[in-house]
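Common to both upcoming complexes is chain A, partnered first by chain B, then by chain C.
The block that comes next holds the complex of A and B.
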């Protein structure tokens, strides 16, 4: 009953329906605009081509998967053991002067042993490795990373047993220490097992005075020596993920391997991990949500304040003398209307904009379908909760202008300030943990991973909270605002 | 005109909203300046970050000054007392300026305390105060056009905060560059920084003030036109 009354009130105010529709239109229009404004082109050797899409892993995510692999087939269970050392390489034009090519390895250069489901980029893998300056690690599935012991030389062992891959490390080849065991589901009976080396680009990171970081990538290469490899012999070389074109650097320092006196030297350049650089993040087409939220906030605030201005609240409370129910019904109507607006906006924007991007030959970074679903539903929920928060603040303050300013300052200002200003990173981080603006984390398609060498701070668009935790922060704020408004309604109805 | 000015003054002092605004502004600016006053590539910009937050309060004050009267119906009484409508708007604009200027001056002054004095700092501080006054007038002008306080504040906030983000989605990069330089958000960035140089900044400080002044003047002119022609 009370719900129908509240819905009737909302529906019959023309400006409110108009505001909700405006929110949808703004999100869609800006998404389409964003899709038309992006262009991308890549060089293949000396001529311009459409950018190739990065490979995808078994979950459907875009990944970087480029390394030199010296491998052999392994039927069923088995293991590989080797002593890895002599990590060395080339770094082009490092800071501070950027004027020479030096010998050395970047912090995340990797050399070690790998089990992989074939040699196609994106295939499942697990690996143990020594790194430039992050010690011995075990990595798998493009995102999993576990540190073991420090050092740039070690005995490593990788064992396959069914779907389980175990990594061990030893200082002397006699006393072994377990790193961890990971499961690779659906691994076929025959896998490739072998030695790998790769080295990500060196990053020159400069703080941008307008916010964020300016990053320049410089080519690097790593070489490593593998000795006392068992099983011995029968090796094939695969340059996983390399393009056929060789840059000048790669002609001078070709990837590959040599074997002399039982020592195999492998050289490689590339990265193994989630790719967030060679394409457009899918949530970029939803940036219009920022602008679309403003009319929604205004409408929701007015839902909270209008009855107090016109003394209508006395009539409402006379008809339904239970303030809690009135408050919940009003918040519910606002929440449902905003949710529907959000669902429509997302359901139109995402497919239309992605289609237009594809037509423009723009690479959109692939995400797994649960992530896609989370972004779509989460964005609609974000709009819904923002509406409830704005209603609550409006009903609490009972004055529209301060309420609109307060909600905008709490919800929209923190993400904008954290990304486009000189706010110190720790302040930005705390803002995006504590304010309702944390909820925009729900749109983040690619999370930050410490094992990737590029800057991934708040200013670079990486939210400090996991997606649903960020949305929960907004939900708590909305709940608190509605609770406070209800409390005030019970104490002083008009 | 003097009577109109005094009437506005009385309304402002007896109302409960307006005095809260400069207070809030002062707190925001000072807190921002002191809390964030750490090492950075551009300490002046960091200290004056409060300007970007506090401008919302000033814009809200400008909106409230006029739209509040439309909300309560007081505007009819006001126009009965001051039938020359432009006088009413002028009185409100003058009052707003007189009210914001000292509050903003004080708050900005406190926010930059302790920074090494110099021409760049003085320029940034003075420009911040002028900017805040202009933002208030922008709010007043928008309120005269749309009359509903919540809608007016929504429009002003969109202008102040969201425009650069929206412009980034425009297809044509040349248009994008031109329009980007015409937004208040770009202007405030150019105004509150001490690193001078056309390379780092899309706008010179003088041009930035011109941009904001043009927005405020445009809004006020449109507001005056609408106020003059339309029934209250």
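The block that comes next holds the complex of A and C.
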């Protein structure tokens, strides 16, 4: 009865229904606007072309998967062992003067052994490797990364047993140390096993004194020597993920492999990992949520303050003398209305804007369906919890203007200030851990991974908390606000 | 037949005692006037009867139960305490509809009390544009929504035009004649003299007289004269 009464109260104030509808329209309109205003074009050698979509992994995520692979088929279980070292390479035009091509290895250059489900970019893999300056590691599935021992030279072994791939490392080829065992589900009976080398772009980050930073990237190549490979022989070379185009420097130093006296030298350039650069992050079409939240906050605050402004709370409590249940029902009605507004806004914006982006030949970074669902439902939940928070603050303060200002400052200001680098990075990071604004982490489609060389700070759009933890921060704030408002209502009703 | 029993209500606001042992009983079948100077504790008493204020001591019950314990309280007691306590953007009819939802009453009751209050046409408009008289009518409609055996009305004649006053007088008489307990606080002694069967006179937060109207008229010639005599020197504002 209380719920039905509070729902009727909400829907019979025309301005509140308009406010909720305005929130939906703003999210949709700004999403469509964002979709129409983006253009993207790429160079294939010297031709301008529509950007190719990056490959996707078995989970459906856009990934970078480019390396030189010297491999052969492995039927059933088996292993490969090699001594990997001699990591060397080339960095084009590095700082400070950017005027010469120098010898060198970038920190995340990788050389090692790999098991892969074929040679198509995006296929499942597991690998052990030495790196430029991050030691020996085992990586798999484009995001999994496990550090082992330091060093640029090592004996490495990779073993397949059923769906399990095990990596081992040794200093002398005699005493072995297990790195880890990973499962690659659904791996076929025959896989490709062999040697690989790749080298990501060299990155330098220039801090801008006004906030933010500029990232400069340059092409690099790595070479490595593999000796005492066992079992040996029967190699095929695949340039996984390479385009046909070669720079003039690459024409003279092509990727590939050579074998002399039992030592195989492999040269390669590229990256193996999640791709966040060669396309638009899908949540970008949902940036209208920031603006759409404004009318929603105002409506939710007014739901909390109107009862006091018009002394209607006396009528309400005379009809329903249960302040706790009234307060919970009001918060619930605001939460459900905001949730529905969020669901409609997301359900329209995501497909419409995605279709428009595709029509404009804009690449949208692919995400796995659980991630897509999390972004869609999470955004609707964000609107819902924002509504509950605004109601709670309104009912607690009992004054509309201070409540709207407080909620806007807590929820919307931190992410905007942090991402636009108005705040120092440390301050921005802490605000996005502690304030309700942490909830915008729920929209982040690509997480930060330390094994990627590009900067992934708050200013780059990476939130410090995991998605659901960020939303939980908002939920706690909303709960606290409603609890405080309920306490105040019980203590002094009017 | 349901009575209102107010028993030893006490309440202090800071250093001053708003209620100091307020005790009386409202019986069904006639209108009971509740009179007293400003600050005598009338509104506080009415608020306590419907649970909007907590007494420091004492009880107020309706048919033997505290208002807040009643499952659908507006079916047991209807109150008009503050005619302005409504949202200006909501129509009068929608104001009654949410109240009806809260008491599990059908919308047919809403239309019945709107008609009774003469607001059938005005009920479609937003309440923000209502005059004080219309707000009083809407407040009475809300009080009658649950067809309760007990009615509490705080200054119901305020803002009514002459036709409204006549309507209200007739309505209150009819409600009492139905066997309801009707408690009306008012400063209009002549109105009460024509209408009320019983009067409770409050002063300094307690009852200074509790008698039949005929009895008081017999002793003092008019209700007004009785009131002025009884409340002399008990000005409510100290």
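Quick note on the criterion: the second predicted complex is superposed on the first by the 488 of 494 C-alpha atoms of A that agree within 3 Å, B and C clash if a C-alpha of one lies under 4 Å from a C-alpha of the other, contacts with A are read in each partner's own complex, and residues count from 1 in each chain.
Keep this in mind: a contact is a pair of C-beta atoms (placed from the backbone, for glycine too) under 8 Å apart; a residue touches a chain by one contact, two chains touch by 3 or more.
Small disclaimer: the values here were computed from a predicted structure and weren't measured.
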Please tell me, clash or fit, for chain B and chain C sharing chain A in the overlay. fit
First, second, both or neither for A:301, with chain B first and chain C second: first
Once both structures are overlaid, the C-alpha centre of chain A sees chain B and chain C separated by an angle, to the nearest 10 degrees, of 50
Taking the superposition on A as described, I'd like to know which of chain B and chain C A:14 touches: first, second, both or neither. second
On chain A, which partner's contacts cover more residues, chain B's or chain C's? B
Quick one: is A:33 in contact with chain B, with chain C, with both, or with neither? Answer first, second, both or neither. first
Report for A:319: first if it touches chain B alone, second if chain C alone, otherwise both or neither. second
Touched partner set for A:412, first chain B, second chain C, both or neither: first
Which value, in Å, gives the least CA distance between chain B and chain C in the superposed three-chain arrangement? 11
Footprint overlap on chain A, where chain B in one structure and chain C in the other make contact: 15
Note which residues of chain C are touching chain A in the complex, please. 47, 50-52, 67-68, 72-74, 79, 81-82, 84-91, 94, 97-99, 101-104, 142
Complex contacts: residues of chain B adjacent to chain A: 17, 35-36, 38, 40-42, 45-46, 49, 52-53, 56-57, 59-60, 63-64, 67-68, 71, 148-151, 153-154, 157-158, 161-162, 164-166, 168-171, 176, 189, 193, 195, 200
Contact set on chain A toward chain B in their complex: 15, 30, 33-34, 36-37, 207, 209-210, 287-288, 290-291, 294-295, 297-298, 301-302, 305, 309, 399-405, 408-409, 412-413, 416-417, 420-424, 427
In their shared complex, chain C is touched by residues of chain A numbered 1-2, 4-6, 8-9, 12-15, 306, 310-315, 317-322, 493-494
